[in-house]
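Structure below; questions to follow.
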Amino acid sequence: MRRSVAALAFIIIFAFLILGMSQLRPFGEPENTEMDDYFLYDRDEGSQAHNQVNNVVTAILFDYRGLDTLGEATVLFSAVSGVVAVLRKVKRSQKEVHG
Amino acid sequence: MKDAKDFVATFILALVVYLFLTLASGIPMVEGTILWSLEELIMGLSVALIVAAVTSHILCRSKNFRMLNPARWLIMLVYTIPLFLEMVKANFDVAYRVITGRIEPAIVKITPDLKTDLGITILANSITLTPGTLTVEVDDEKSELYIHWIKVKDDPDEVISGRFVRWIRRFAE
Amino acid sequence: MNWKMSRVVRTVADVMVVPIIIFGVYLIIHGHLTPGGGFQGGAVIASSTALLIIAYGSFGKHKDSLSSLESTGLTLFILLAFLGIGYTVFYNFLASGGAVFGGSVHYGINPGRLDSGGTVPLMNIMVGLEVAAALSLILWMMAKGSDSMDVEEVKG
Amino acid sequence: MNTWFIHLPFLVVGILIAIGLYTVLFKNNLIKMIMGIALIQNGVNLFLISLAYRKDGVAPIWTSAPDEFMVMPTPHALTLTSIVIGLATTALLLSFVMMIKKHYGTIEADKVRRCRE
Amino acid sequence: MNYADPLYIAVGVFMVYIIISAFRIFMGPTVADRAVAFDTINTLVVACMIGLGAAMWEILFIDIAIVYAVLSFVTTLYIAKYLEGGERK
Amino acid sequence: MIVLALVSIFMAISLIFNGLGVVGLHRFPDVYTRLHAATKCTTFGSIFMAFTVITYSGAMFYWSNDAKYLNMALHTLGAVVALLITNPTGAHAIARAAHRMGVMPKYAVKDELKEAR
Amino acid sequence: MPVYEIIFTLILVGLVMTALAVVWFKDLISAAISLGACSLLLSLQFYLLRAPDVAIAEAAVGAALTTAIFIFAIRATDREEGYS
């Protein structure tokens, strides 16, 4: 029963994926590019004028969208905390088993 | 004193790699200037100091300071020429084997008279790149190499490794 | 996986560790000029740790130092972000100020200088420190965990 | 561009996500399911970068670029964040799987469910 | 004929080679055969990256080829070390 | 003109030897001989692809005297050195692992390593 | 001649092939190798789409570190799917 429901859901999701992906705009011709052109080419507030940075991706990561990077660093920190906590428990329980 | 030698060796390697990577990269392109700018030099020195302080116990683990001599590096550069010629021969040999499919493989043991880790490593890598031979196993204490040979002949010691051992003994022993 | 690999692999690992770390540092501190930055350089430095673990096995105790290094990187990053609080968070207060990393570039295609970018290179260094320590710690802990599982299975 | 090429990267994104979803739904092994999650991450990254591409654009870096017409940089930054988060979550899930193997002695999903009851 | 066209054609042939060696990943009888095919694909991808960097004439892209040439080695070593200890368990 | 001829020759060598390596990967009977074909031929071919780029960018540096072409040639040289160091070591590691895993060479005349164990 | 599009299409075909191989293999270590190859081709795709930052990140993370932690986890658990 569960497998048939899962199969039905999979088929529906697959059909919607293929349908939606084939109805997207043509590859390589974006329509709304104002924000990116602002970051790239603006002579007053763009990446080169505002930050003196040549690599625009780095400028976006650390200045315009800096809070995203802060959240990413926090996620990485908490994931490492989780891994350390989980695997330290392995060692302790092993000591209980053998000691 | 030994620690100071470690530090100096790691520092020199780090500085050379950094300067190689940033050669002619961060400077204004004036006509004919291909040197480093001042910022790159300062940053390279500080980075090399930090990296040498952190990893100085890794590079010189075997306490072997022969490679601090620049003459050995020159011989090593010259060694790439016979190695390259052997690689050309190796590739035509393998091409012949691929096309005809005529193989007669075996695993043989050779005992080159090299002692240092670096010498054994360079010998093993050279053997892997040259005609019809592939290093399978290295003994940890003795200098014995087990070679997979695609077309077996007599006298494996001299045929496989003779010409390399004479070169390698000049700079790695 | 706490046994050593062969002699050739160990020697090549020893030789390759310093160039890999230098390449990662090059990616980090040239993050505002060439492709690269904190994440990529940190991942490359962490892979040098992976090389050492694979060549020598997971011996020694490095967990506390790596953990404190990661915390230091994150704290300095947040501190650097909040230094520009008079305007907004993540305000680039050092750009074209003449101080460290305070040079300026022109608009258009130019080769760039290392001495520009304001707080962006500093943040690159901090994030690189944090990511390198975090990924090394993940690899280290997973190697230790896999070894302890192995020992228990052999004994049981 | 040719007509057969217009939608091809997006279709491949759809196929990748569908393969990953199939693995997550129908496979019974926990590590295989995590591999399916990694495939879904690959598909989403490819989708974002394909959205960012402009025809005949160059990389968004001013240092010795050959031309001034560049691809869009914002999805690159988003994808960069997503890759590192993907590695962190994969490591966390794998350590959970190691703990499950330790406690239940198996990593098949239905057997773990039976052991728990 | 543009200067970049021969490089693009060479990279296209390399892609055909990569797909042919991906078949060895499919049908290798042992895991070691699959590792050999993976190593081959690594080297071919490095060659592709160098050729594409010259063909697109973006100077900075060669860095990626160096990263790949160094790091694919780490992956090969991990697989080899697992296969070494496979019989211990 | 000389540069064009050199570039063509190098590219032809690269294509031929890479193709031979891939053909040998499918034609040889066991792991070790496949490693022979794969390692030697693809390393050689990739190095010649790099030599193509080095020759071309070196010629561009000679003509235009622009430092970025020198930068490109040097970085390609770095990739060549990395390939030369790492590729034979990976081949050695795979061969050693295969022998320890229990894959014996087919059609082998003698096997001194097996006798030594 | 549309060589650029042909390279593009070949990389996409390789991506789908290796992704199917991940699902198809019962042996988990083969599946990990196949996932590494998929990540490899994905990095080449990013390279071709002019995203060098993402290509370096995918190269370092996808090729080296993801395979490493998968192999650690497979080492700690079972190698065959459906074994126990």
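Miscellaneous remarks
The letters A, B, C, D, E, F and G name the chains in turn, as written, and every chain counts its residues from 1.
Quick note on the criterion: a contact is a pair of C-beta atoms (placed from the backbone, for glycine too) under 8 Å apart; a residue touches a chain by one contact, two chains touch by 3 or more.
Every value quoted in this text rests on a predicted model; they were computed, and no experiment measured them.
Shared contact partners of chain C and chain F, listed by label, are B, E. Counting C-beta pairs in contact, the pair that comes out ahead of the other among E-G and E-F is E-F. Chain centres here are C-alpha means, and the one lying farthest from chain C is F. For the pair chain C and chain G, the distance between mean C-alpha positions equals 24 Å. Averaged C-alpha coordinates give centres for chain D and chain E that are 20 Å from one another.
Centre-to-centre, using mean CA coordinates, chain D is 31 Å away from chain F. Centroids built from CA atoms put chain F at 16 Å from chain B.
Each of residues 21, 25, 27, 29, 124-125, 135, 137-138 in chain B touches at least two other chains.
In chain D, the positions touching at least two other chains are 1, 5, 8-9, 15, 22, 50, 52-53, 58-65, 76, 80, 83-84, 87-88, 91, 94-95, 98, 101-102. In chain C, the residues touching two or more other chains are 1, 5-6, 8-9, 12, 15-16, 19, 23, 27, 33-37, 39-40, 43-44, 47, 50, 54, 108, 110-112, 131, 134-135, 138, 141-142, 145-146, 149-150, 152. Within the complex, the chain F residues that touch chain E are 7-8, 11, 14-15, 18-19, 21-22, 25-26, 31, 34-35, 38-39, 42-43, 45-46, 49-50, 52-53, 56-57, 68-69, 71-72, 75-76, 78-79, 82-83, 86-87, 89-91, 93-94, 96-98, 100-103. Within the complex formed with chain D, the chain A residues making contact are 3, 6-7, 9-10, 13-14, 17-18, 20-22, 24, 26-30, 33, 35-36, 39-40, 48, 54-57, 60-61, 65, 68-69, 72, 75-76, 79-80, 82-83, 86-87, 89-90, 93. Every residue of chain C that touches chain B in the complex is listed here, in rising order: 6-8, 10-12, 14-15, 17-19, 21-23, 25-26, 29-30, 33-34, 52, 111-115.
By the touch criterion given at the top, residues 1, 3, 5, 9, 16, 19-20, 23, 27, 34-36, 40, 44, 47, 50-51, 54-55, 150, 153-154 of chain C touch chain E in their complex.
Of all the residues in chain C, the ones that touch chain F in their complex are 5-6, 8-9, 12, 15-16, 111.
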